[in-house]
Every structure is written in structure tokens, then in C-alpha cells.
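Next come two complexes, and both contain subunit A; in the first it sits with subunit B, in the second with subunit C.
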Partner chain A sequence: MNAITLIARDELRLMRRNRVTVIAFALLTLLTLAAALISWSHQSGIAETRARFQAQAAQEFTAQPDRHPHRMVHFGNFIFRPLPLLAAFDPGVDAFTGNSMFLEGHRQNSANFGDVRQSSLLVRFGQLTPAFVLQVIAPLLLVFLGYGAVARERERGTLRQMLVQGVSARALLLGKLLALAIVAALVGLPALAAFLLIAGQPGALAGPMAVMVLGYGAYLALWSIIVILVSALVRRGRDALLALLALWTVLVILLPRVAPDIAAQTHMLPTRLETDIAIQQDLHRLGDAHNPDDPFFTAFRQKVLRHYGVDRIEDLPVNYNGLLAVEGEKLTSRLFDDYAKRSFTVQQAQSRLTDDFGIISPAIALRRLSMAAAGTDLEGHRRFLAQAEAYRYAMVQQLNQLQADTVRYADDKAKDAGADQRKRISADHWQTIPQFRFKPATTGDLVEASLPGLGLLLAWLAFALLALLPVARILQKARA
Partner chain B sequence: MSLTATGQRIILSDVHLSYGSQRVLRGLSLHVDAGEIYALLGGNGAGKSTTMSALLGFARPDSGTILVAGHDPIAQADKARDQIAYVPENVALYEHLTARENAAYLLALAGRHPAPQDIDGAFEATGLQTSAWDKRMGGFSKGMRQKVAIAIALLRAVPVLLLDEPSSGLDPRATADFNRLVHDVARRGAAVLMVTHDLLSAADIADRIGFLESGRIIDEAAAQGADRFDVRDLHRKFAREAVTA
Partner chain C sequence: MTLLTHELRLLLRSRMALLALLLVALLAAASVAAGMAEVARQRDVIARIQPKQAQDMAAVAQWAAETKDPGTAAYYSFHATWDTPSPLAFAALGLRDVAPYILRVRALGLEAQLYDGEAFNPELALPGRFDFSFVLVYLTPLFVIALFHDLVSGEREAGRLRMLDALTGSGRSLWRRRVLLRGGLLFLALAAPLTIGAIQSAVPLPTLLSVQGLVALYLAFWIGVTLLVGRMRWSSVANAATLAGIWLVLTLILPTIAHVAINRLIPVGEGVELTLAQREAVNRAWDIPRADTMRAFYAGHPEWKDSPPLTDAFHYKWYFAFHQVGDESVAPKVAAYRNGIEARDTAARGIGWLLPSVGVQAALTRLANTDMAAQLAYQDRIRAFHEKLRNFYYRYLFTDTPFEKDDFDRAPTFVGGA
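== the complex of A and B ==
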């Protein structure tokens, strides 16, 4: 057995014989297991609820009686975003962005401009999930278990004794590191069990899961190295503990909270009220379909009449009101899309700036990786909104087209006693409108999105490993 | 190197060593032969600890030659340390380990893997009570720790033993026990260099005593006859050295 293995074994023996260490380790293991089970159960519950409500909403939509198509446009439809499987490990922004939307004509979902998505700052608070335990609590345990690994040897004089035995400082550092890395691996085991639970589910994606395992492994290895480095550089164990706690506070707690605030201040989003006013002003500028002198809609009317070769709206073979609804929806949707894009551009800038803080905080780099691989990051939410809007537009335009094709213009205008019945079309038409089916990101998309975070973590790891070399040289002198 | 080999095991020749602008060793020269016990006697700031650090390879001399069992402790640190057993003033051992585990661990780190009965034999040789062998080191007295350290030195069977203030804090009985152990080690052929400011202990154990003052040997005395040293004479020399230091 070489010196590295001997030192690692002794360090683990010391931990085993320390009751506080054993209790702390057992508690974290239990916490991770509990987090995995709670999170799994919670996410399963949410998934089941959403599936049930989605089915109920679809049933209510298709069960509507014969109605005027425009009534159905305003009856609208509820859709729900199904959770990705890995949300049980890292729910990401899910809890803060909302996953249900009411889709109707003339307007996009209200969540699109909601205050809750003003920025990503609201999504960074910890929940008891395996991801939170590994990102926040596990490094703290490594700090408490490892702060004295080298400092203790120096403080008690055994460092010099060890070096005199012919052990190199590099072997000492690697031995201590190996011990702490083994502890880190054990800390990660319950989370790995949760992963295996997820992997057994249909639809589990191996690629993102592999990236996550790699990322969390690199993160815990990095913290093991940081702990050993500080322990080797600081003369007393107490000082090492204080320095490491300060580092943990800054890297894991402070920066992940401050970074989104800075991003929100740097790239400010307009408030919902400002956005609503701006949209109303733009809508007003678009024109008024009910105003016979409105230049835009007058031009539209002339174009339609020319197209069908008639002089009057009443002579059109289709319902002009339906065509007007199609055109109006096209215009308003373009406007809403434009606002949504602008909003997302700002939010993406916020996210990018927050992610850039990963250069100075590995916890941010890991969160980026974890949420991206789980499909629970802002991009995952944007994907849902984009698909929801595409579905809403298609549904509303299909209903508008039904109005144009199946409801006569004269009936649409009529106000006599039987007019209401004549305006209605068969409920069978509601069956022809497809149900919303969310298309989740592919393995390739998720892996690609998580690679920048992984790259940052690996760069951190390489930097920390290189830092061991000069620290070993300093330690080798062991004047103390 | 075998313990029965003869020759100079420790050589310091015209060694100069400074910490920044502070010159600590100024032309220190001494040698210790196999089987010899050399006491380096000096007051505070004479350079005793620096001499020890230089021999262990923790302090680099500005000039001069240091050889430990034929190896330069800086340029050939691994080889030199492989030949050294070192007992510091406060023996540093692992408190979470028992005496047996300490010996096995530290010896394994040095690449030695003695059989359990050999460790027991070494403990017996040092006079460490049997009841202490499987106790964790937390409650050990300084004397008991030194016995464990000497047992490890015996098991390593190295040709050089360095002792740093070995009698400090020991009662007379423990000092006598310790001196007997050191004699045993030397009798097996090891060169023993101890740095101390305890004149009586040095007189009791050493074959030669060097008086260190301001980083160099200013006088040397060798044991002669049954009385070994004239303690009064030693005291006179030491007092003069202490006054001039």
C-alpha cells in the first residue's frame, strides 16, 4: 500500500472514530434520501395532477354544445406543461414560472408578461431537493469533515513527523484528498440512488443524466480540493474552518443570490403595467375593425372584395367577420409575439449575466448545468410558452376560419329571435381541434445546453488541481 | 545502510544558514560517528533548532556541507530522511490511534511493515507498559510518547537518530529510562545527535558534547573514564557560553 492510500485510510479511520463526524455524515445521507423521496413524491403528485387537469380541460372543451365559433375562441382552453422526469432531481424554475396557461383569442396568456418572470432572481431559493442538498449542504459537510485534514497535522506537529518518515507533501495532499473525495462520493450515493429511480422510468434520457452525474461529481471533487487546499495553506485548523465557511458563504449562498439581482438591475424589464399600457397603445395604432373609416381595415376590406370579385361584403361567399377575425388575430399575435420576444431577450440577457458569475462561483455553474440538463431552466419554460402560443394561435385561427366558412355573414349580423340558433355550428367541430401536446427538449438539446456549465466546472476543477502543486511545495518546507 | 557499519553518519562542515538578514548558523562544523551519542548544548537562540531543521532538510544552508548517512538532506531529501529517526521535543503522534496503530501507521509510511510481534518487542524494549499498547494516545504522558517514538525508531533500524530536547519536561526517573533507551539505540550502531540545553542530561548520556554559541561550536568535550565528564567543568563552560551568547 502506498503512502497516498495509507494516509487516506488513516483520515477515514479518524472520521469513523469521531462521533460528530459520523452523525453529521449520517444526517446528510438521511437528508439526501429524504430529499430524493420527498421530491420524487412531490413531482409525481404534480405530474399526476397536471395530467388529470389537462384531461379535464380537454374534455370540457370538446363537450361544449353547438355554439358560435367565436364563443369558443373566448371559451378558450387550459393547457398544462408536463414535468420532465429530472424535475424530481432539480425542479429548477418550475415552481416560480407556473405551468398552466389559459389560451384564448385576441390575447396571449397573461403569464407571458407576469411579474413572476421579471427576472430569474425569484428562482434561486433553495427547496429540499437532491439538487439543493448536493449544491448547498454537501459542500458544507465536506468543509466540516475536511477543514483540519492538513492544518491539524501542521498544528499538532505530525506534519513534520510525516515528512521525516519520507512522505512527500504531494502524497500527503493526495492522500487527504482521496479520503475526502471518498466521503464526497458516499455523500453523493443517495442522490445516485434517486437517479437510478428516475432512470428506470419511461422517457428517461441517458445523455442529460450522464452530464448531471459528471457535473455533480466534478462539483463535489472541486469542493474536496478547495477544502484540502485551504487546510494546507492555513496554519491552524480553526482558521481553516473560518476561511472555508467564508468561502462557502460567498460561493454557494451569496453569489447565487446577488448575481440575479445584478442581472436584473443591469438588464431591466418593464413592469407588467408598463407593458400592458404599451401593448394597448400599439393595438390602438393597429386600427379599429369596427370603424368604417379606419384606413387599415378599409384597405383590408377592399383587398378581400377584389380577391372574390364582388363589390359588397354581403356578396362574399365567406363570412367577412370570420376573415376579419383571422386578420385581427394575425395582427395582435404578431404584436404579442414581438413583446414576448423582447421580454425574453432581456430575460436571456439576465440569465447569461447570471451564468457568467459561474466563472467566480462553481455553485452557479452547477445550477446552470443542473437545470439545463433537467430541462427545468428558463429555456425549458420558454419552450413551453412558445409551443403554447403556437397552439393557441392555431386553435384560434381554426375557430376563426370555421366562422368564416360555416357561419353566414347575414346570420352573423342578424338580431332576430332565431338568429342565435343560426349562428351556432355543430359541436362536432370542436373534436377536430387537436389537443395540446408538449414536445420536450431532445437529449441533444439538453446535453448541449448543459455543456457550458460543465465546461466551467471542469475548468474550476483543473485550476484547483493545478493549485495543489505550489501548495505541496509550500507544505514540503514545513517550517512550522 | 546497516546499523553495524562504521564511519561518520552525520557531518556538518562550515555550515552557514540565515533566515532573511538573520544569520543563525555561522560556520557550524561537527560530526557524529556510528554508535556515538553527541549532545549539542546551547542556550536559547544558539542555533540548536535550526541545526535540527537543516539536518531534516527543512532549512537550506547558505553554504557549507551537510551529510546524513552520506546524503544531502536538501538535494536528496527522500534518501536522507529514509535514514533518519527523529524524536521532537514534543513527540507528535496521532491521538485517534492506539500506540500499536501509531507505530504501524508511521512505519508503513516509511515503507516498513513490521510483524505485530516485532512492534510488541520494540514496546517491551522501551519499557512501555503493556496496558498502554492498545490505548489511544490521547492520555499518554510525554515520557510514554517518547517511548513510542523510540520504539518506532528501533523498528525503523535507521543509522541516524535525532533528538530534540528529549529530557525537557521529563521527571528524573523518566529521563533515566529515556537515556537508557538512547544508549540501546547507539549500542546497535546508530549515530545519535541530541540538541539540548540540559547539561546534566547531556553529561549523563553523551559521548561528546559540543557547546553551540551564535551558530558555531565554541568548545567540545569528550567523555573520559568512568566519571565520563567533569560536570563542574562542563557547567563552567556552559555558563560562560550562556553569558557570552
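== the complex of A and C ==
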């Protein structure tokens, strides 16, 4: 048996004998399991509620009576963002975004009823999830268990003894690191078990899960090394503890808060009010539907008349109002897409700036990796919004086309008592409109999105491992 | 006094104590600056939208006035509302980063408009903002631990404890002096930047004093905890580790568990339900006799019942009536939804009495008017304003009074409260 494993075994035996260590470890294990259980039941509750509302909305849509198609454009449809499976492990921004959306013609509504706006202030204290336990609390346990690993030997004078007896400082450090890394692995074990439980579900994606295991593993390994490094460098155990606590506070608590503040001040988002007004102005510039002599709509009318080879819109084989609605929706949707893209460009710039802080805080790098792999990050929300808009456009245009094809122009214009009935088309048409189906991200998308975070973490890990060499050299000199 | 200055010199000679105090002051100052920058930004945004809003209104008036139809004017006119940050908002931004502080409404159904959100990046909101309340609630206890955990044990470990105890006239007063000195300096480091920011933001004196009192109380709590742990006569290391553990449980673990428990025990599914029900009620109006809708409307609003009867032609007063009837049909659901949110908030405040971290956060956001109650109050103001809008347009709609261009300027304007 070599020196490294001997030292590691010795250190582990010492930890096992320490009652406080054992209790702390047991508590963290319990907390992880509780977090996994609570998060799992919470997320499946959410998923079930949203599925129920989605079914209700779909049922209400198809149950509408005979109507003018344009009435259905404004009856609209409600859609709900389904949760990815891994949200039970890391719900990411789910609580902070609206999860239901009302889709109607020529308007783009916001996603509403996010948890954050209907929960108490406690929601801002963080959410008890396995991801939170591993990202925030597990490193703290490693600090408590490992701060004295080397510092203690130094304080008691056993460090010099060992070095004199021919144990190399490098072997000493690696032995202590091995012990702490084993503890770290044990800390991660309950979370891993929860993770595998999720993996057993149908639809779980192996790729992102592998990246997550790798990422969290690297993170815990990194903290083990940091703890050993500080313990070796600082003279007294107490100073090591305080230094590590300070480091943890800055890296895990402080920087993740400061980074978004800087990002928000650097890249400012326009308000919805401004966007709405800008879209109205752009629309007005393109063509004024309220002006009968507007050049854009006059040209459109001429084009339609030419296409059908008639002189008057009354003679068209289709309902001109329906065609006009299709054209109008095309205009507004293009603007919606355009402004949504601008807003997301700003938001992405904000997020990227925050991510860059991962260079100085591994907790930020891990959070980025974790949310991206789980599909619960900003991109996951954007995916939902983009699909919602695509669905809205298809639904509205299908209804507009129904107006063009099935409602007679003369009826559309008529204002007599019976006109209302003649304008209506059969409710059977509502069945032909497909339901919203959210297409989740593919394995490739999720893995690709999580790679930058993983890269940063691995760079941190490599850097910390390299730092062991000079620190071992300094420790070796302590013999003299 | 000389004893105190002597203690001060002693304290500041310790590199760690000096560093800790400077760091607290620095963090407090940075958080105050960040909070003030955010509040200034929100004020700028509110100021910035006013001309744009006026321009938009003018554009609508331009073409809609030609119709002279009050219904067209009401349908196309969006009116801005806003929630001006309070002077103290910089210290605790609360919900202001996730809930809208600007919302446009028109005289149509309010329940379909009231819950709309603002465009914001959820990834920035997730960890919470860096404001004074964060520095106070999360970071300050850690500095208290750093400064106080070895108050007695440090002297014991240095072998000076017996000597200090034996000195005539010292004993308790020595420790009292040291505690007051460290606590006082910590308070100064926190309160000085806060006070400067508060004066610049014109925070009323009673509010400022309340916040300072809160800071002192929270400090006192944590100093009390450290002193209690110190009485166990453990080593400095054991003290520090125990205290950090207590901090972890009180500020990170228990609040998150309480959050899950509250949301589990008090469901608020009515939010979605009420919008679904409101949509159903509003759209149903197209399929039932229009007289039914008008009857329901006049029953609640007899002041308009003498309006001329509807003809076969479309009339906007029917359109607005069914929107209002739709809103009124979901009133019980609206009340249930709101009660649910308030119940959650109340429960969290109750927990604040057990968990000082939660209590201080709740008290600070209440003083700063950035909490859930402030959010709901803003919704109430929108509701009242919307009511005024409706009545304004109804006066034209139900009396068939032509809506002239000047009438656009007569529409009620929102009074943004601070």
C-alpha cells in the first residue's frame, strides 16, 4: 500500500470518528434526498396541472359553436409550457417565467402566471432542489470537513514529522485530496441516485444527463482541491476555515448576484409598452388599414383583382376580407418576429455577460451547464415562445383562410338581421385546427448548449490540479 | 473613553478585523449604489415612456376622431399606468425586477390585461438582485461570525483569558466594551452607506430610522447567537463551524423548505382558471341574444339603462358591455386568486417571526414598498383607473355622444403614486 492511500485512509478514519462530521454528512444526505423528493413531487404536480389546463383549453376550443372564423381568431387558444423531465433536478428559470400564454390574432401576449408573481417572498431565497444542494451547500460541507486536513497536521507539528520521515508533500496532499474526493463522491451519491431515478423515466435524454454528471462531478472535485489547497497554504486551521468560508461566500453567493446586476445595467431591455408602440408605428408606416386610399392596401387590392381577373372585389370567388386578414397577419407577425428577435438578442447578451463571470466563479459555470443541459434556461423559454408564436401564426392564418374560402363577402358586409347567422361557419372546422404540441429540445441541442459551462469547469479543474504542484513544493520547504 | 480607544486600536491592529469591516462597508456601499442605479433606471424608463405614450395616443386620435365613434376611440386607445419606485426602493428591490412597473390597459375586459408581464430576462432574476437587503440578510451574519466567533475563545487560545479575568475592574465590562465596539463598527459600516443613499433618495426620516433599527436588531440577533455559541467554551474553529452551520440552516435551507410547504398548502390555480373562464364568458356573448347581455349589464349599472335600445347594426356599447359582464362573472375567482396570494404572503410573514432572515427581508421590502402587498396595491390602482376609463367612455357610448378630437385629451390620466 503506498503513502497516498495510507494517508487517505487515515484521514477518512479520523472523519468517521468525528461525530460532528458524521452528523453533518448524514444531514446533507437527508437534505439531498428530501430535496430530490420534494422537487420531484413539486415538478410532477406542476406538469400535471399544466397538462390538465392544456386539455381543458383544447376541449374549450373545439367545443365552440358555429361562428364567424374571425371570432375564433379572437377566442384564441391557451397553451402551457410543459416541463422537461430534468426540471425535477434543476428547474432553472421555470418559476421566473410565465408558463401559460394566450394566443390570438394580431396581438402577441406575454407568458403569464409565473410562480414568482404568485408566491411569497420566500421564492427569492432559492428553491430546494438537488441542483441547489449540490451547487450551494455541498461545497460548504466539503469546506467544513476538509479545512483542517493539512492545517491541522501543521498546527500539531505532525506535518514536519511526516516530512522528516520521508513522506513527500505531494503524496501528503494527494492522500488528503483522495480522502476528501471520496467524501465528495459520497455527497454526490444521493443526488446521483435521484438522477438515475429520473433517467428511468421514458423520454429521458442520456446525452445531457451524462454532461450533468460530468459537470457536477468536476465541480465537487474542484471544491475538494480548493479546500486542500487553502488548508495547505494557510498557517492555522481557523484561518483556513475563515478563508474558505470567505471564498465560498464570494464564489457561490456573492458573484452569482453581482453578475446579473452588471448585465442588466450593461444591456438594457426595452419595455413591452415601447415595443408595442414601435410595432404600431411600423405597421402604420407599412400600410394604414383605416385609410381607404392607403397605397399599400390599394396595391394589394389591385394585385388580388388582377390575380382573379375581375374588376370589383364583389366579383371575387373568395372573400376579400379574409385575404385582407391573411395579409394583415403576415405584416404584424413579421414585425413580432423582428422585435422578439431584438429582445432576445439583448437578453442573450445579458446572459452571456453573466456566463463570462464563470471564469471567476465555478458556481456560475456549473449553473449555466446545469440549466442548459436540463433545458430550463433562457433558451428553453425562448424555444417555447418561438414555437408558441409559430403555432399562433399557423392557427390564425388557418382561420383567416377559412374566412376567405367559406364566408361569402356579401354576407361579411351585410348588416341585416339575419346576416349574423349567414356569417357563421360550422363548428366542425375547429376540429381541423391542430393542437399545440411542444417540441422539446434534442439531445444535440442540449449537449451543445451545456458545453461552454463544462469547458469552463474543466479548465478550472485543470488549473486547480496544476496548482497542487507549486503548493506541494512550498509545503515540502516547511520541513526546514 | 481611553479604554475604548485602546480597544479600538487593538481591534484595528488585527488585520482580519480591519479587513472584515472594510469589506462590509465596501459591500454595503456597492449594494446601495447598485440599487440606486436600478431605481434610477426604472425612473428613467417611466419618464421615457410618457412622450412615446402621448405620441401613440395622438396617432390613434388622428384617424379615430374622424369616425367620431366613442367605441372606436375606446377600443384603440391604450392608456399607460406605472408604479413609481418609492424612495427606499433602492435598498430592497423586492419584486420590482419580475413584476411589471408599467402596464397599458384599455377599457376592454380588465381580467385579460391585468396579469400581463413585462419582458425581462429570467436568468438575471433567478439568483436575485444585489441590493442592500441581500448584503444585510445574507452577508452580514457571516461577518458577525468572522468578528465575534473568537471573542472569548481567541483569548483563551492565546493564553490571555485567565489574566484578563483576573484583572481588577475588567471582567464583564471588558467583554461588554468589546462587543459594543465590534457591533458598533459593524453597524456603522452598514448604516453609513445606507444613510447616505437614503438621504440622496429623499427617504423620509421615520422610514430611515426604521431601517436603521432593523439593521441594529438583525445585528443584535446574530451577535447574540455568536455569544451564546461562544459560551459553550469550544475552540474558535468549532465556534466558527457551528455558527456557519446555523447561518446555512437559517438563511438558505429553512426558507426554501418553508417556500415549498407554503406553496403546497396554499394552491393558487385560480389565476389560469379565471382567465380561461373570463374568455369563455366574454366570447359567449356572440352566441346569446344581445338583449341578455344588455340586461345583465344594466342590472349592475342602472345608470346607463335609459340608453337607446340596440338595433340590428353593431354597436360598441354592446361590445364593451359584454366585456364588463365577462369581468364581473369571474369576480369570485378573482377574489379567490388574490386571497390565495395574500394567504401565501401572510404565511411567509408569519415564518418571518421564526426566521430572522425572512423577517428582515419581509420588513425591508414592506418599508421599501416593493413586496407582494405593493404589487397588489399597484393592481388595485390599475383597477381603479380602469374603472374611470370605462365610465369616461361609457358617458359617450351609452348616450351616443360623438367623440371629438378634443375628447381624446379629456380621457382620464393615470396618477402614478410614489
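The rule we apply is simple: the second predicted complex is superposed on the first by the 462 of 480 C-alpha atoms of A that agree within 3 Å, B and C clash if a C-alpha of one lies under 4 Å from a C-alpha of the other, contacts with A are read in each partner's own complex, and residues count from 1 in each chain.
In the analysis below, a residue touches a chain if its C-beta (ideal position, glycine included) is under 8 Å from a C-beta of that chain, and two chains touch if they have at least 3 such contacts.
The structure displayed is predicted, hence computed values, not measured ones.
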### Message
Let's test your reading of the overlay: on subunit A, do subunit B and subunit C clash or fit side by side?
### Response
fit
### Message
Is A:Gln161 touching anything from subunit B or subunit C once the two structures are fitted on A? First, second, both or neither.
### Response
first
### Query
Now for A:Arg17: first (subunit B), second (subunit C), both, or neither, which partner does it touch?
first
### Query
Does the superposition put A:Glu60 against subunit B (first), subunit C (second), both, or neither?
second
### Query
Who does A:His74 touch here: subunit B (first), subunit C (second), both, or neither?
second
### Task
Quick one: classify A:Gly453 as touching subunit B (first), subunit C (second), both or neither.
neither
### Message
I'd like to know which partner A:Gly148 touches here: subunit B for first, subunit C for second, both or neither.
### Response
second
### Query
Does the superposition put A:Leu6 against subunit B (first), subunit C (second), both, or neither?
first
## Note on the structure
In this superposition, the partner of subunit A with more touched residues, subunit B or subunit C, is C
### Query
Closest Cα approach between subunit B and subunit C after superposing, in Å?
14
### Task
Could you pull out which residues of subunit A sit against subunit B in one structure and against subunit C in the other?
none
### Query
Tell me, which parts of subunit A touch subunit B in their complex?
1, 3, 6-7, 10, 13-14, 17-18, 156-158, 160-168, 477-479
### Message
Residue numbers of subunit B touching subunit A in their complex, please.
### Response
53, 56, 58-59, 78, 81-82, 84, 86, 88, 90, 92-97, 105-106, 108-111
### Message
Residue numbers of subunit A touching subunit C in their complex, please.
### Response
20, 24, 31, 34, 38, 42, 49, 53, 56-57, 60, 64-65, 67-68, 71, 74-76, 78, 92-93, 96-98, 100, 102, 109-128, 132, 136-137, 140, 144, 148, 237-238, 241-242, 245-246, 249, 253-254, 256-258, 260-261, 263-265, 268-277, 280-281, 284, 288, 290-291, 343, 347, 350-351, 354, 371, 377-378, 381, 415-417
### Task
Please give the residue numbers of subunit C that touch subunit A in the complex, ascending.
16, 27, 34, 37-38, 41, 45, 48-49, 52-53, 55-56, 59, 63-64, 78, 80, 94-95, 97-100, 102-104, 112, 115-130, 134, 138-139, 142, 145-146, 150, 236-238, 240-241, 244-245, 248, 251-253, 255-260, 262-264, 268-269, 271-272, 275-276, 279-280, 283, 286-287, 312-314, 337, 340-341, 344-345, 347-349, 351, 357-358, 361-362, 365, 371-372, 375
